[in-house]
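The same chain A turns up in both complexes below, where it pairs with chain B and then with chain C.
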Partner chain A sequence: MRIAVAYKWAGDPQEANVGPDGVVDMSRAKPVVSDYDAVAIAVGRQLADSNGAELIGLSVGDPAAAASMATKTALARGLDRVVVVTGAGLTSAGATRTASVLAEAVRRIGGVDLILTGDSSIDAGAKLVPAMLGGILGWPTLTDADKVSISQETVTLTRVVGDQEEQLAAGLPAVLAVSTDAAAVKAPGMKDVLAAGKKPVEVIAVTDLADAHAGEGAVRSARPLDPPARRRVRIDATDPAEAARTLLESLRADGVLALRKGE
Partner chain B sequence: MPTYLIVPPTGGVDRLLGIAAPLDGPVVALVVGDTARAESVAHSGVDEVRWIEAAPQVPAEAYAAAVAGIVTSAPGVLLAGRDPASRVLLGAAAGAIGAPVLVGVDEVSTEAGTVVVQHGVYGGIAQRTTVFDGPVALMIDAGGVTAQAGAAPITAVEATPQSITLVSARSTGGGAVDLPAARRVLGVGRGVKAQADLALAQDLATALDAELGCTRPLAEGLEWLPKNRYIGISGAHIQPDLYLAVGVSGQLQHMAGVRASGTIVAINSDPSAPVMDDADYQVVGDLYKVLPALVAELAGNA
Partner chain C sequence: MRFELTEEQQLIRDSVKEFVQSEIAPLAAEIDRDHRPPLETIPKLAELGLLGMFVPTEYSGAGLDALSYVIAVEEIAKACATTAVMVEAHNSLAIWPILHYGTEEQKQAYLPGMATGETMGAFGLTEPGAGTDAAAQSSTAVPTEDGYLLNGQKVFITGAGYAKVFVVFARTSNEGPAHKGISAFIVDRDLPGFDIGEGERKLGIRASSTPPLMFSDVRLPKSALLGKEGQGFEIAMRTLDGGRTGIAAQALGIAEGALAAATDYAQQRVQFGRPISSMQAIQWMLADMATEIEAGRLLVYQAAWLESQGLPHATAGAMAKLFCAEMASRVAGKAIQVHGGNGYTEAYPVERFYRDAKITEIYEGTNEVQRILIAKSLLKSTRRA
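Presenting the complex of A and B:
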């Protein structure tokens, strides 16, 4: 049995620079395997151990995603081996192209029974890659999976949607996006880091895959986020009662709260 | 080019219709659900309904391939909500026709047959206007369902579900909540030290007639509040008249969900917390003292 975990090597936009022309410069945001993707790897490790399965990490990105720093970081989280598909511009590719390249890689690896993904990527955060990947492969796809277990033919999971907790079963092969707290994630230890250096890494150039390069539209204009200007009125709450009065009076004066009775 | 609204068994269509309105071509709702659902969507203002009847104990996601099949035969603009079922159906359909997808959509218009979309990128740190000359898929908060005069024709579509079954379901007891529709929202963050202390926030929310929401760590990880109450890029996108951020640091991922609020009040002990820049009123102090003071002040005026 083979389980693949899709993880992204990307930086946090919180650390990015946005130019006055609206162009986003991610070069200062240090790439990581995000906490959410680490959860998917942890779930995969548990499933692989209890089912004697192989656990393969799969990532699509710029050449940096194939650097040994990147692959070792991912492998130290408990993957048996990794496959990285690289090409310039792939890290910032949209979900459609990312998913189509991932699908090609899954076909190339062959014999994959289950693909796990994180809840959302740290940079795009669209929560769409698993859905598109499942759609392209034609495999049953579910998201927000909490407790996951597998048998030869099925994967069983729980998830919370709205105020319902559901238990679901899907036939394999399938795609599952795990919730952000589906497994506890712990920092890799020294042993994991050393072992990571010895595990197999396969790098595939995207040009060697049938890359259905999805069009991503023509960008007409870009600008930095221009949030509504806020008044930033400071109210010191050293005296909480006084601060409470000041705040409520201000909100009433603004018409956000109703006036007190009698006024 | 048709515009498809992808409609799972629950959730709304109004905001999808609002986005679809300026686009050329018919508005076709692809509904997965029961008869009543197909009927109510047919009365919401769409031109046409294609209806896939969901079998008992089969979740909407099992019809992803069927929805993708319908779209493949006549590609168009795809619109869907942000809930799990909508995402899976939209993703499958967009994947099948190779349409680019966008989240964080602010405005859509059309020019000479192209679709012009104003949207955020990277969680909203920058905005772009992008022009598409073919199909594109957009994910937005779906809104409610408002009945309109007149009914669109409903065509039933036979579909074989993929192998997904609902084994069991139970209520988590959290209750349904519609944060995007709330006029006042109080959002709590990790500045609250213990679950029991949420009572302080709940008291103020009650006094203000506000819904209680939270940051993601409180709903996932700590699990102090149900997941349908967290606000942000991956949670609810709210647009109340008043948002109070209490013990919330104001990270990008949270603020992306509250920017459309009318007035923002931050209550935080750290005067340099990022949330302060995004606030109309910056109350610098200990929430454990400020919340009871606000409750007392509001009660005194009742």
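Presenting the complex of A and C:
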């Protein structure tokens, strides 16, 4: 069995600067494996270990995504090997292009039974790629997975919808986007770090793919939205006790707090 | 000349930083307030590979170099000096002498458990009457037919509250110079006659366990001897050569934590209608702190690099420890000054950094001892014929 995890090597949004015009400047942000994709890798490692599967990292991006530091960072998270498709502008490509290139790479790798992705990309955050990828490959796509299990032929997920749990199953091969809570992400251990440099890395130029122009289109970034107005202040008090009483009443009125006597 | 960490060393820094943010920083203020060693962190440190950093992989360790080690200690100390010294004492003071002076049987017996955190280690050198004058050991290990009879007392033993194995120094002979009659032993915690006292309540690194050890007719097997009889002082001094670089890294991390807190505070604190970071008096303090930290880092990394290359590093380690210990106290003091009255309260971490910094000027060789070592090296290398 072969599990691929799509991950993005992009600037850490925690190090981004937001200008007064709302434009996000990522130029000084240190590149990282997306926090969301680290969850997908952790889920993938658990699934691979329990099913004797190979875990392949798959990334699409600018040549920087194939730099030794980038691939070692991803491999230290527990991947068995990585495949990186590079080309100028791929890191900031739209979801259609990204999904199309990923699909081309998955076909080239061959034998992939399950593709895992994070909840969304760390920079664009559009949550489009998993569904598009599944659509292009013709594979069932499931999202928001909080728990995942697989057998030889089926992937089963549990996700929380409101205060209910929903179970869904799909036949393999499939695409699965995991929620941000699907696994606890642990820092890579020292041995994982040292082993990362010894694992296989395959770098593919996008021009070498069967369809090098797959998904190229005219998605352009729009004008940034005006910063959202701050939420209306609902409690404006000088007396902390009075503020606490008002907060409790407000939470009760919203139905998110229920205080029962004797419990 | 290249001032660049290897990719592995950069990844180790990133990984330890991530671990510190999730597992160590959230506990730092609480364990300090409660004088409570963070025992729950030990298995997590072990899982990450921080408890057997020098230990070769064949003994279940991480097999890392000295520079990777100081990077890890530095990152931990940025958030919690106590956890940093727990890691430092275990790796530098307990594991290192067993790794370098132990027999194959001793390595097989102790290193795997120490590397995986099942057996925490401690280093018993200091006595009530033998601090800086380490050769004045009054603990005795009298040779017997089947081993040694250990008697004496040790004080300020980092990690003793939870350690299961101790590298202990004791006098085996009164013949010749005082330092020639000392031997080192590996002592298991559960031996009859070995008692551990109450932990000290300290100014800083309050969560670090530092109780005294009491030995009363403790029977040690011959196999407990580490190195040769009479080699103990050499083992202690060589262990401390490397240990000093670890303490220098701890001091460096404390200073970096203090600077980060001061920088953050200065950008948020508004006085006279503007952030205090826009005022030159504050900027100068931050600039001085950053410059001193950078100088200290170069000394620490150089000492660690020399050690990892197998080159003489004792003087470089002494310089790094001397400079970083004094620097950390200065930087932490300035960090409080930037915070003003707030910095004097427990609501902000800088008072903890200030208290924690002081011990780095004292343990594993006081500033004065470091100066003696540096001066001796200087005068020896420039001795006139």
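Assume the second predicted complex is superposed on the first by the 192 of 263 C-alpha atoms of A that agree within 3 Å, B and C clash if a C-alpha of one lies under 4 Å from a C-alpha of the other, contacts with A are read in each partner's own complex, and residues count from 1 in each chain.
Just so it is clear, a residue touches a chain if its C-beta (ideal position, glycine included) is under 8 Å from a C-beta of that chain, and two chains touch if they have at least 3 such contacts.
This structure is a prediction, so every number in the text was calculated from the model and none was measured.
In the superposition on chain A, the chain among chain B and chain C reaching more residues of chain A is B. In the superposed model, A:152 lies in contact with neither chain B nor chain C. Look at A:207: by the touch rule set out above, it reaches neither chain B nor chain C. By the document's definition of touching, neither partner reaches A:27: not chain B, not chain C.
By the touch criterion stated above, A:197 is placed in contact with chain C alone, chain B being left untouched. Contact residues on chain C toward chain A in their complex (touch as defined above): 7-8, 10-12, 14-16, 18-19, 22, 47-50, 53, 57, 62-64, 68. For chain A in complex with chain C, the residues that touch the partner chain are 68-69, 72-73, 76, 186-194, 196-197. For chain B in complex with chain A, the touching residues are 10, 59, 61-62, 64-65, 68, 82-85, 87-96, 98-101, 103, 116-117, 120-134, 136, 139, 162-176, 208, 216, 220-221, 223, 226-228, 233-234, 241-242, 251-253, 259, 262-265, 267, 271, 276-286, 289-290, 292-294, 296-298, 301-302. The touching residues of chain A, when paired with chain B in their complex, are 13-14, 16, 18, 22-24, 26, 94-96, 99-100, 119-120, 123-136, 138-144, 156, 159-171, 179-181, 212, 214-228, 230-238, 240-241, 243-245, 247-248, 250-251, 254, 256-257, 260-261.
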